[in-house]
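Presented sequentially are two complexes of chain A, the first with chain B as partner and the second with chain C.
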Partner chain A sequence: MTIYSFYIFDRHCECIYIKQWHERERAGAAIRPTTSASTTSPIPDKRVSAGGKQITETDISMRNGRLSVQDDAKLIFGVVFSLRNMVRKLSTPDDNFISYRTNNYKLHYYETPTNLKFVMITDVKTNNLRVVLHQIYVNLYVEYVIARNLYVLMLNNYIAVEHSGGEGVACELFELGLESFVVRTLKLIELTT
Partner chain B sequence: MILSLLILNKAGGLVYHRDFSNTFTKLSSNDYLVLAGTFHGVHAITARLSPFGPSSGGTPSSGLEVMESEHFRMQCFQTLTGTKFLLFTEPQQPNVDVILRRIYELYADYVMKNPFYQIEMPIRCEAFDRHLMAYIKPKQ
Partner chain C sequence: MSATKAARMGEEVWKTRIDKVNAELVTLTYGSIVAQLCKDYEGDYLEVNKQLDKMGYNIGLRLIEDYLAKTAPQRCVNFRETAEMIARVGFKIFLNITPTVANWTSDNKQFSLVFEENPLGDFVELPDDGRAQNELWYSNLLCGVLRGALEMVQMQVDAHFVSDTLRGNETTEMRVSLVRYIDDELPQSED
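Up next is the complex of A and B:
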């Protein structure tokens, strides 16, 4: 099995984390989903051309006829949001959308009770990854992102911290944890199948 | 168990809807139209979201084919002309592919060959209803 990409969306419908594995020229790079690419970003940003001039969004959109990573994330959110509502309307309100498959990829979905949405895109042969997404939430997101931001929460007089623009999600521990977790899970799944 | 069948024309309009069991909550016909339209859009987007670019060769990306939820499974079959057949079944229903093909055959025989049927319009063909029920009933 192959994992192509992983996304987290918060309850304000905003994409707070993107990671892509086997994809395009940004392979292996985690992208902080800011719309205005900041020059202070620790990730080497390929969107800044040699002259320091910003490449406009339309240039990126038209690259190889593909959408930019950010635009893809928006489309993915639209799809999972619509499907989730469709499922709940047709069936009972406690039903949950789990996954869908096309002829060349499969999308897995997990939503926490706080409306945080985890999405993973893999090849079609992969079995259900809902448990894996749940583990990412419990073992990595809660441990590294939420616990780490408790300090910020304290400074904020305990008004819940939101991750606008993905601030605070792409921290090193979470990054490393996710990477090793995914590698381990892949090995485990390959051994058991 | 087969729960429901929806047929969408190539513009995303709902042309046929039939429930085979009462597992699903009954919605108003307007809601079903909205649902069909939404699905049509989602289907188009899912085809674009493929991790392989259009230039990378291989088979061109289809849209959504199978969707799973906790309580049901939906299989979508798109004909070459863009008509979509959505079949809602229980998650453990076998051979949904075959059932969909057969429904498509019934559609070709009793809807498309009906001289009074206007293309892209809602399907009101008694023979189609009858044969569809006769095919689905023994499977329940």
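Up next is the complex of A and C:
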């Protein structure tokens, strides 16, 4: 399995964290431009390290004519938000969708009662990752982001509240924790299948 | 979730998943915070109440995530259930006490939490200046915590103390009332 990207949205509908591992391969071959080398800067500003693998030449060329990372995040939020509301209308108000897939990717979704939304996008063969997203929330987000900001809050005399613009989420502990957690999980899943 | 089930859950989580510190450490730390606030605001106890509530609110905003992470609960179906979960799980896992839920109004929107014990108030004597007894709500931090925590799970509540054994009342009682359920925020439109 392959993980393409991971997003967290807060209750104010703001994207507070983005991480991309592989450039998503959702653009079909037909859309892919034939010229390989490109002059435009392929990956504009993003809080991202190219995790496991280096981004290859073909990935970069695919990037042409594609949306920026921020626009991607907005679209993903839109999809998830509408889908969730529709699911709830069709069923009970505490129901939620777990994932959806297309021909090219699968989107996994987990929402906490505090309206934090965790989204992970993977290839289509991946089994459900709801448990994994829950673990990221419990073991990484609460542990490193919430607890750490409590400390920052005390220093600031209880003025700062929540993470406007995602400030404070992408701290080192959280980044490292996420990275190693994902690597471990991938290995585990590969071993068990 | 029934009250007994909630109680069992609180007990279980408290035993297995909570890092504990010495209760007296908490009591003394909280005591010195309140004492310092009284000093900073030069005995303006109403302002001290307000500051404690504000500090509690900011704690509550985050504490709810810890609560959810540790208990992984189902969403409460009504406010009565919320009250039971606050008393039997929330207070249990963070303070190891279980206040009694009492005095419901008939519309199920207001209840009291009656504290038989309150670790924050151990060893405490309110200042003997004739005003603190009537003005200071010593444990007002707890009201803020509830307000902050419930706001994060889409409930706007009002919480305040109505009596306190430190003031010479017979019980320590907090009144909690549901103001409204908060709707989900909608994303801002592009333009």
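Quick notes
We adopt the following convention: the second predicted complex is superposed on the first by the 147 of 193 C-alpha atoms of A that agree within 3 Å, B and C clash if a C-alpha of one lies under 4 Å from a C-alpha of the other, contacts with A are read in each partner's own complex, and residues count from 1 in each chain.
Here, contacts are C-beta pairs under 8 Å (C-beta built on N, C-alpha and C of every residue); 3 or more make two chains touch, one makes a residue touch a chain.
Just so it is clear, the structure is predicted and the values come from calculations on it, not from any experiment.
Annotation: superposed three-chain arrangement on chain A; chain B versus chain C shows no clash, the two fitting side by side.
When both complexes are overlaid on chain A, the residue A:Ser99 reaches chain B alone and has no touch with chain C. Touch criterion met: A:Met86 reaches chain B, while chain C stays clear of it. One of chain B and chain C touches more residues of chain A, and that partner is B.
In the superposition on chain A, A:Gly78 contacts both chain B and chain C.
Shared-chain residue A:Leu191: touches no atom of chain B or chain C.
By the touch criterion defined above, A:Ser5 lies against chain B but remains apart from chain C after alignment on the C-alpha atoms of chain A.
The least CA distance from chain B to chain C in the superposed model is 13 Å. Overlap of the chain B and chain C contact sets on chain A: residues 78. Only residues 4-5, 22-24, 64-67, 72, 75-76, 78-79, 82-83, 85-87, 89-92, 95-105, 107, 121, 128 of chain A touch chain B when the two sit together in their complex. Across the interface of their complex, chain A is touched by residues 4, 23-25, 27, 31, 35, 38-39, 41-42, 45-55, 58-59, 61-72, 88 of chain B.
In the complex of the two chains, the chain A residues touching chain C come out as 11-13, 77-78, 81, 94, 112-116, 134, 137-138, 141-142, 146-147, 149-150, 153, 158, 161-162. Chain contact summary for the complex, chain C toward chain A: residues 54-55, 58-59, 61-62, 64-66, 68-70, 72-75, 152-154, 184-188.
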